[in-house]
Amino acid sequence: MAIVSEAVHHQIEALNTRYIRAIDDDKLEDWPALFTDPCFYRIVSRENFARNLPLSVMECASRGMLIDRVTGYRRVNVYEPQRYTHLLSGLVIEPIDASHVRCTQNYAVVRTMVTGEMTVFAAGVYLDRVRLGDEALFEERIVVQESRRVDTLLVIPL
Amino acid sequence: MDGFLAIMRNDEPLLTWPKEGPTRAPYRVMHDPEIYRQEMDRIFRGPTWNYLCLDIEIPNPGDYKTSFIGEVPIIVCRDENGEIHGLINRCAHKGAMLCIDPVGNKKQFACVYHAWTYDLKGDLTSVAFQKGLAGKGGMPADFDATKHGLTKIRVENFCGLIFGTFSDQVENVEAYLGPDMTKQVRRVFCKRIEVLGYYHQVLPNNWKLYMENSRDPYHATILHAFYATFKLNRLSMQGGVALGKHGWHNLLYSVAERDIQRDNYEGGHLRSVIRDVGLADSTFLDRRQEFDDGVTVAIQSIYPTCNIQQIYNTLAIRHTVPLGLEKAELHWTCFGYKDDDEELRRMRNLQANLIGPAGYVSMEDGSVGGYVQRGIAGAEEDAAAIMEMGGRDIAPQPGIRATEVALRGFWQAYRELMGF
Amino acid sequence: MDGFLAIMRNDEPLLTWPKEGPTRAPYRVMHDPEIYRQEMDRIFRGPTWNYLCLDIEIPNPGDYKTSFIGEVPIIVCRDENGEIHGLINRCAHKGAMLCIDPVGNKKQFACVYHAWTYDLKGDLTSVAFQKGLAGKGGMPADFDATKHGLTKIRVENFCGLIFGTFSDQVENVEAYLGPDMTKQVRRVFCKRIEVLGYYHQVLPNNWKLYMENSRDPYHATILHAFYATFKLNRLSMQGGVALGKHGWHNLLYSVAERDIQRDNYEGGHLRSVIRDVGLADSTFLDRRQEFDDGVTVAIQSIYPTCNIQQIYNTLAIRHTVPLGLEKAELHWTCFGYKDDDEELRRMRNLQANLIGPAGYVSMEDGSVGGYVQRGIAGAEEDAAAIMEMGGRDIAPQPGIRATEVALRGFWQAYRELMGF
Amino acid sequence: MDGFLAIMRNDEPLLTWPKEGPTRAPYRVMHDPEIYRQEMDRIFRGPTWNYLCLDIEIPNPGDYKTSFIGEVPIIVCRDENGEIHGLINRCAHKGAMLCIDPVGNKKQFACVYHAWTYDLKGDLTSVAFQKGLAGKGGMPADFDATKHGLTKIRVENFCGLIFGTFSDQVENVEAYLGPDMTKQVRRVFCKRIEVLGYYHQVLPNNWKLYMENSRDPYHATILHAFYATFKLNRLSMQGGVALGKHGWHNLLYSVAERDIQRDNYEGGHLRSVIRDVGLADSTFLDRRQEFDDGVTVAIQSIYPTCNIQQIYNTLAIRHTVPLGLEKAELHWTCFGYKDDDEELRRMRNLQANLIGPAGYVSMEDGSVGGYVQRGIAGAEEDAAAIMEMGGRDIAPQPGIRATEVALRGFWQAYRELMGF
Amino acid sequence: MAIVSEAVHHQIEALNTRYIRAIDDDKLEDWPALFTDPCFYRIVSRENFARNLPLSVMECASRGMLIDRVTGYRRVNVYEPQRYTHLLSGLVIEPIDASHVRCTQNYAVVRTMVTGEMTVFAAGVYLDRVRLGDEALFEERIVVQESRRVDTLLVIPL
Amino acid sequence: MAIVSEAVHHQIEALNTRYIRAIDDDKLEDWPALFTDPCFYRIVSRENFARNLPLSVMECASRGMLIDRVTGYRRVNVYEPQRYTHLLSGLVIEPIDASHVRCTQNYAVVRTMVTGEMTVFAAGVYLDRVRLGDEALFEERIVVQESRRVDTLLVIPL
């Protein structure tokens, strides 16, 4: 693993922390701002990803599309109230160039329904391309789900 | 229980259907373990054709894909001569599942347990240590390998879709579907297709609740607010319902560009038309009219558990597999055409945001099934769903979309098969 | 199974009760799926009043709260005239649960599935596209909306507690409870209350095991060592058992300040009196005598699944909901009085450490139910619990606390309803 | 269901066995809830001896260990006189499990629920507040404590293994096992043993699938590729099958050093002989011949659910406990001998890499059970496993290893007990 | 997010690590010492917390009350033997004043019973007020459980 | 807790990250190189560990034995395809001498089968003895499983 500076490390961790807080604290409106515009956000099963199949569970190519997902969540779609608790581990940062890094990291999400039911809803890896700067932003985040199954539905981004 | 069942069978049915007939569906069929067991026998092992996979998923000799008919695990494979076979994924020796990986390529099927080996037709070709060792042990001299192959099921390749059945009575797929349904299958599978990927969605409900859902044009534009809000699909648009095999199968279709009565939505007070909502970037809705009939949304149901979907440029086959009484798995196979240009590929890809477990216009089908399953919990013996929208009979309704005729067809078929 | 049940019903009961009568409870009732199904029918859908919620939880027109009677989902709501209604939380069309959020305020109940809409009385007010579109489709002309409202249940507001029943035979709540039980309800709900919060505890056992537990003064001071160790509640304290409806309901009460026979503990060798244990900060036990009868602990059981609790200054209603055969959910609603001063509020808050899933004197009821469920696993056909403490009959026992009379009452009621 | 069962019992059996007899096992016995319930009654509560624990696990007075016979929780304990007792782990009062910790030492068994207390023989010695308080409450004067002890089961200590039974008919353990089986038990338990540790493995299958597996020499060297690849165990090695009680029990044995027909593997095309694979550090295979009969692998099955294992220098008892219809827990107790020298201890320790849930030659038994359970899902009424390897009869086969005789024995015993 | 020094960051992480080790390594006696005295420790469901309802699953206002919970666990209460495995992620630290910070962080707890049964027993956020110094201490820790349900009982603090 | 330098902290975290990536990214061949040779790798249940019973679920005394486990996984053993997602928390590092530290840390592993089924497969603590240097290596890793149960089988090291 190539080495990156402490500072970069902190930037990346801060970015991921903001990402978690935006989603898990139900401040999803803050979430699109963590990406560049245009950007690439994709949720894909290992099954499709490993076979280079283009189909995604969710795919956004711009901040606008991220915002539309927030709109869907807040205003349009119908689902049982639920919240996520993200857990992260095993972050690797590899430099691409002076202002970009590639990150790999494990994630797991515990989903809690309004009834109180808890499940490990998703687990896998984040594959990121991050643009550094005053504050780091995701140019690309590919969320690979180890499981090919999604329970019931997926409305909150992972 | 089956012991008890065996007795019951000769006796009266487990259920007396409401006198109103197919306009009613007793909730008990959604949570009675006995009825569930009978369904495996009378529907899935009965005179029905069940979707298994696409022929292009197993292009080469030795290619296989696993699937299910009801709860029974199935292998679909292609032999050396390119012929396709359907086999129960269960070793003839002691029942071990042969293929664990959902897809693969094999010269033969060797069971990991005792290495009994079958050729690609399912015939038993070798029994490990059949002759024993040093003349000791092994199978009896009169052991007849030809009697111990894998259980073969009838399969048919119709327009590239592989269907399977346990029945030797049931007519061939084309006759099973009937002219109107085959027409639609041919429409979608008009040229060489290409798989774009898969979804697997666990539904918190009895399998039949999803089968109803996919036959129900009534809910589509109400539950799926995205449809109505962004004028992608509304009951007020031109369209209708076609039936096959006196209602076993059906096709729901609509034409977005022909909205004959917008006011019914704009005027109305449906939550599903959300006025002050807009899209920040609607490029994911960029679409192309690829069928000359102008139909923009077409959902076809083939009894019992297969759906063929065209929602704008998203094409998919959906296959529902029961996972016990109150759970099911929905397997989506999304595809495009080999000759798609880059723009169209990109359109299909971004439009996929509409479908699947996170689809803007489909995610609700995941939750609503659970709402029903929980809503009917502990229901009284005689509680039943009512389906009288669009009348009480079962006949094609070309111009009509505010109708539940396709659901009545589903229940009619169900009763025929279950003897209710 | 119900098919089979239907037949059985006219035949003999599923169980023959031990000849010793209500001093015995066969373990089979805790793990037989058939009996469980009958309970839903004969107890929860039978002549019983079931706690649903508090009227102050739905103070305004349109307010609703969801609850359960057995497994059946219920909506309790207040209409424009302030009248309270009980409705099955199940759309009359195809059974979807109407209210997913446990609490809320609605002008009407609109089903997300097809937008059938009901007023706050549960009457069907609108069927989306009833007239179809452009004169096509829609409901038959003779469709009678008045026949397709939500299923209404009988509800009664007694002292601010809302009870519901499926039965039109059962007497009103006051008569159902009887004088002694109503007295206690009035004692606790003597003035305006205020909800302090909720607990929801999943019990790893059949629902009846918790009902026994809450009727059992015998276990309280033994299992809950905290009680005895810190002299909060002991059998040696003055108290007794009052009954309602010849034992269906009961009240267990004790007076901490009147310990008539301390030695029985100090002298004895109960693990529940732990000698060398002290509290580092007992301020959470600071309490105030708020009832002039001096009763410090009073647990009331209202058949089948409602408990009203006073443990010092902690007040709560507990409602047990079955989650299948070997699981149940215990819903706690903790409250105080509107006119509580700051000190009393703080007392109730810190005393809450005594109750709920982490309560010093209640957490054990969570584990012990599981201990029993696992202890009786695979039990012989004739194995049964024995309850002879305090005699074998069922009559009020004013001065007596070492008694299981309230459990005998529970089983007596159970047999009456189940026909065992 | 038992209500129904009660009726059925006097009627015909729940299953008609295939005419081919013990060479067939219908798959229905692996997923029929009724049959499962009957097994608890007719096999586990029937005339069988069930392994419980080792006497050295409870060396001192007051020591106890918990176990199970079928689903019934059991306590095995040693009293003041060193006598061993078997008790149902279920309080005689209201059924609470008495011992939650799997092992411990107690002067008496005091129930946490109401402090009923039993001595180490299971007799009821004290009922809390039996006399009530201040002469009020308590048990009736005629309450006879001697009639309310814990349910005692028959136990026997054979060579340090504690077996238990609910039956008073069944012969003693030695007669139950018969001469050939006792010989092998004595061979392994020839001197003082020492427990090295435990494994607990959850099997995703019906308990009987593991019982078949452990009686099956045929699979061992095929499924467990490690065996054949590294020449640890091959069918071509000398060995055979001994039977006990006309096939209820059996012993599978082989001698690694005597490979009589290597070619059968080298020549053959079994996946289980992987040619280009080697070990980087085979010290974990360092072994010592500790039995003079030269037998290197010996797996003994004692009906219904006990296995005694010698795989090289790894010694273990395996006890299978059903966890419902499609799940079981396999409890391994691994041991060595008190007089083992350091080198041998190290050998046993590293060789343990061969066994348990991560064992090179045993992990597959975890997955294959699930493969079968899933392979037979939804199987037709008449689908059955076939076991004709080594003939169709049930008789000891000294020189023979390519045989399923021990499985036929298992099913023969099963039919006798179940009345199929 | 306001920035805090590396040193503070380390203090907070050390405090949380000691917290985990005290509970998960069954050294619960070390747990009260991680709080100031008086202090405020509260376990509350999102259901009650979001509606500002005062009821807590557990509430301690002093080290003494924390100690009493340890006593209950060790000596008084009856429950099936069990252990916790804590997992943390998404820590945000916000300065209050020179010697105090506010922290937000995800937690999840896997509970393992003596039988071997494992479940995700609790998941949610820690809302802390921490006093800095030679070693940081919790002045306040509010444990918000996303689930309104508690399985069986809660005897070991979260 | 004795203090260790930032540098050591980073070494340890890098080592643990490489460990996670090797296993979870299915690059198991990289795994043995994270240990010294000889080494001591052991998976043991709390049940056996607490009673000082020698039996292990898995035990390797050399890099060779680690490599053989990889061989078993890749070539010999039969099991349903599966992947792990590791989650770590609560790392404590204690110095032994200039070039060795002892580490304690929580782990949890979500296992995902080819069918999509997800479970919390294992949870507990890593007890490590690490040799520092240009890159830190495990001299010893004891994986204590809180659960005495293993579901189905264990073929991929934890």
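So that you can tell them apart, the chains are marked A, B, C, D, E and F in the order they are listed, and the count of residues begins at 1 in each.
Heads up, the rule we're going with is that contacts are C-beta pairs under 8 Å (C-beta built on N, C-alpha and C of every residue); 3 or more make two chains touch, one makes a residue touch a chain.
None of the values given here were measured: they were computed from a predicted structure.
A.B. asks: Please identify which of A-B, A-C or D-E repeats the interface of D-F; the criterion is that more than half of the contact pairs agree.
C.D. replies: Interface equivalent to D-F, from the options A-B, A-C or D-E: A-B.
A.B. asks: When I count C-beta pairs in contact, which pair ends up with more: D-F or E-F?
C.D. replies: Pair with more contacting C-beta pairs, D-F versus E-F: D-F.
A.B. asks: Let me have the rounded angstrom distance from the C-alpha centre of chain A over to the C-alpha centre of chain D, please.
C.D. replies: Taking the average C-alpha coordinate of chain A and of chain D, the gap between them is 48 Å.
A.B. asks: Cα centroid separation between chain C and chain D, in whole Å?
C.D. replies: Going by mean C-alpha positions, chain C sits 43 Å from chain D.
A.B. asks: Take the average of all CA coordinates in chain C, do the same for chain E, and state the distance between these two points in whole angstrom.
C.D. replies: 32
A.B. asks: Can you list the residues of chain F that touch 2 or more other chains?
C.D. replies: In chain F, the residues touching two or more other chains are 78, 80, 87-89, 114, 116, 120, 148-149.
A.B. asks: Give the residues of chain D that touch two or more other chains, as numbers and ranges in rising order.
C.D. replies: 1, 4, 100, 112, 200, 202, 223, 364, 368
A.B. asks: If two chains touch, include that pair; go through all of them.
C.D. replies: Every touching chain pair, ordered by label, is A-B, A-C, A-E, A-F, B-C, B-D, B-F, C-D, C-E, D-E, D-F, E-F.
A.B. asks: Spell out the part of chain B that touches chain D in their complex, as residue ranges.
C.D. replies: On the chain B side, the touching residues are 1-4, 40, 44-45, 70-73, 89-98, 100, 110, 112-115, 128-129, 132-134, 136-140, 143, 148, 151.
A.B. asks: Using the touch definition up top, name the residues of chain E that touch chain F in the complex.
C.D. replies: Answer in residue numbers: 14, 16-18, 20-21, 24-25, 83, 85-89, 110, 112, 114-120.
A.B. asks: Report the residues of chain B in contact with chain C in the complex, numbered from low to high.
C.D. replies: Residues 1, 4, 8, 13-15, 25, 27-28, 32-35, 212, 218-219, 222-223, 235-236, 260-261, 264, 268, 270-272, 364, 368, 371-372, 374-381, 383, 385-392, 397, 399-403.
A.B. asks: Quick one: in the complex, what on chain A touches chain B?
C.D. replies: Interface residues on the chain A side: 43, 45, 47-48, 53-65, 67-68, 71-72, 75-80, 148-155.
A.B. asks: Could you list, by residue number, the parts of chain D that touch chain F in their complex?
C.D. replies: Per the touch definition, chain D meets chain F at residues 195-204, 223, 225-226, 229, 274, 277, 279-284, 329, 334, 345, 349-350, 352-353, 356-358, 360, 363-364, 366-368, 370.
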